[in-house]
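Both of the next two complexes hold subunit A, though its partner changes from subunit B to subunit C.
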Partner chain A sequence: MPMYGDQGNKLVQHAKRTQNLAHLPPYQTELVRAVTREVRDLDKDVASLLEPFQGSFDPSADQATACTLLVNHLSMRRNKRCLLAYHRTRTDKLEELIWSGSDVLDLAGQQAGGANGGAPAADSGASSSLSPQEEDYFRQYGDLLAAYKGQWTDIDLTGSLEPPRDLFIDVRVLKDAGEIQTEYGAINLTKNSQFYVRQGDVERLIAQGYLQKLG
Partner chain B sequence: MDIDDILREVDPTFHAIPQEKRDLQELTRAWIAERSAPELLPWPANSLFERINGNIKRQIEKVEDMTGDMDPKTNFALIVIQTELERHRYLVRSYLRARLAKIDRHTLHYLSTDALRARLSDVELAYATRHQALLHNHYLSSFLSSFPANLQNLNDAAAGISMIETPDLESAVFIRALRDTPVEGRGVDTDEATEMRESDIVILRWADAKPLVEAGSAELV
Partner chain C sequence: MSYYDIDSILTDAEKIPCTFQVDIPDLGYLDNTPTQPLKAGTKVNLPLWLAEMLAIANTGDAEGKSFVTFDLPPALGNDVVQALKADPRAVPLRDQSAHFYGLATHMMELSEEQELAAALRKTFVTRASEVALHARKVGGVGHKGKADEGSNLGIGGAGEEFLRGLDEWERKLFRKAHDGAKSGKEWMEGVKKH
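Coming up: the complex of A and B.
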């Protein structure tokens, strides 16, 4: 028999699993809806339980009702926590993706790629694994981050957090990236070629997976 | 950063050190401290970052000026300057990101009182406020708006437990004494008090170390 909080528990498990995944699994629209519904139902129960008392409920006089109220009350709050945790885990993940330079289109492509390689995906390939609200959030946070970064024009905040050791590094080209301009002239990045370049010039390309740092 | 830096600070010839170098030392200190401390430290007040930004800009201009020059000597100097520039940028980036990570983690906490808000720079404050608004909006449109009104808050303190998480001030940090100073640390079983001599390093709870650091008797390492 399903109990209060079962659905919430499932959400938390999803969130826990999400933490260790490289990509974002599909948004659990149904589950979120079910947990929210449970909260509303419980709230209605509380209201109808309290109704006959007309605001003069004395917990010590009717301990059974008091207990029911307490359990309902706690279940509602627990569900709320589960929902918050689930959404926060996902937004954290989204923010991580934005910091590493993906945009919404990248994300959709990445999902399709992940579905081909991984377990048989139950969701249809075309639909995004983000809820519409999450897509909004993704865009808005991207704007926010861009605004914050705009305050630091000379420093690329999304750059590597590894302390720089050498000014120049060896890189191998994993995917064709076209021509880039450096202060030493243009370099044409064709697949499988290898270059000795200034790290600052190619950092973004490394982060996006076009280049691999050697050594 | 080592003991020499500290000695230099008490040296009367200290002010002979160019401003740029002192700025860099200050930045390095702030960076180390920020990365070690479990809570957000105050934003440097003395317009340190305006100066640092200025320094970086000047160096970039210098690099641009020197670039066309094919003289091998200039070329070498160019590499040195660029390397320094990259390191300088890394320090700033790492520092800002460390702060941002803390702000993101406990946004509501840092926005909750004026004293805490004062630790953020203007830009950080704007970022934190907007980020929290975005999150709240996201929760609302995803599920919170269909909740009963009395459950829609994000800052309830029902049953004595606040919904707002705060940083763990009891976590351990390493500090180095900058002058001889008594130190008291609370342990699990017993508390202990001891005399620290200059350049001694001890590990203790941040809550105990904080007054020493704020008084300038010790620094985080």
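Coming up: the complex of A and C.
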């Protein structure tokens, strides 16, 4: 029996799955559209139900209409809650990703490369798993965080909370990352090469998945 | 429970049996007959988010009658409750409802079933200690020496069966207890090293 609220429920089940994933699954454009359409239809129904009363509806005089209105209203409210919860789950995830140092391009690459995305799939013209609004949110939140961090130049707020055991570590390069500048000169990070570097210099690159820490 | 809480929203989608008290021409679709009016006395399974408000809303009628009356869902039916009274650990709650306790607390808010509430309380307490016991075993906490994270040495047979039957709330409890025991162990090992 298809019923008002069923589509919204699907959306929330997606959100539930999203909570347990490390990456963000594709945005459910169709489903979101279907739920908003349902709300608009319900709103139209309410308007046409109330029209003959010319603004003087008495619920106790017409219980059947009152009940229909209540059901319509509750269905709209339910859909609203489902929509908000779905989007909130995703923005929470986005904020988490920003704090851990991922970027939008990485996300698109992951989606194209399947679950693990080990292969360099970023340039295959994959569409992002974010909606355009989410991409906007991601960018602007990233800017906010950067501005916030800028106030303390000597502390990296998104750095690791674990005190390092060693100042220098061995790393292997997983993806070409170009040249980086360190206190000891420039290093050219090409794929599959190995380096002995100062941990502080490469922490961001490890978090972004360019380098792998060895040992 | 928060407005945005996913589990709470999913709990609200659980259906309970309702009986309509009034004729309503436009709601036939709820009984799968969109062209027919919905007659008083029709039984329909409605999700909690709808049933709850319809049951407590005032129809404006002098006798104080509501739009629908509801019964306890099968998950809280006599058979299940009798089984829970016999041995709470032997019932796979998940088969009744993935959000068994969420559904149960909702129903307890809507009706006054003292005996059922007591049985549910006892169920939770008995099962919670069992959950805690399993959570300590998994991952090798308590197995000295051959402790290896992720090893399932502790559970097997009956234990696995029990864990499969946990409802969503109990699963959370299990995860918390398990993670807690694991982090505690890791911390202790860290202390020894330095």
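Brief remarks on what is shown
Keep this in mind: the second predicted complex is superposed on the first by the 152 of 215 C-alpha atoms of A that agree within 3 Å, B and C clash if a C-alpha of one lies under 4 Å from a C-alpha of the other, contacts with A are read in each partner's own complex, and residues count from 1 in each chain.
As a working rule, contacts are C-beta pairs under 8 Å (C-beta built on N, C-alpha and C of every residue); 3 or more make two chains touch, one makes a residue touch a chain.
Not measured: the values here are computed from a predicted model.
Contacts of A:71 after superposition on the shared chain: subunit C is touched, whereas subunit B is not.
Contacts of A:84 after superposition on the shared chain: both subunit B and subunit C are touched. Within the superposed three-chain arrangement, the count of touched residues of subunit A is higher for B, of the candidates subunit B and subunit C.
In the superposed model, A:95 makes contact with subunit B only, not with subunit C. Of the two partner chains placed by the overlay, only subunit C lies in contact with A:13; subunit B stays clear of it.
Shared-chain residue A:212: touches no atom of subunit B or subunit C. Once chain A of one complex is fitted onto chain A of the other, the partner contacts of A:5 are limited to subunit C, with no touch recorded for subunit B. In the superposition on chain A, A:161 makes contact with subunit B only, not with subunit C.
Residues 84, 88 of subunit A lie in contact with subunit B in one complex and with subunit C in the other.
Residues 3-7, 9-10, 12-13, 22-27, 29-30, 32, 47, 49-50, 53-54, 57, 59-61, 67 of subunit C touch subunit A in their complex. Within the complex formed with subunit B, the residues of subunit A that make contact are 32, 35-36, 39-40, 43, 76-77, 80, 83-84, 87-88, 91, 95, 131, 133-134, 136-137, 140-141, 144, 147-148, 151-152, 154-157, 159, 161, 163-164, 166-167, 183, 198-200. Against subunit C, the residues of subunit A that register as touching in their complex are 1, 3, 5, 9, 12-13, 15-16, 19, 49, 58-61, 63-68, 70-71, 74-75, 78, 81-82, 84-85, 88-89.
Those residues of subunit B lying in contact with subunit A across their complex are 53, 56-57, 60, 67, 79, 82-83, 86-87, 89-90, 92-94, 96-97, 100, 104, 123, 126-127, 130-131, 134-135, 137-139, 141-144, 146-148, 151, 154, 158.
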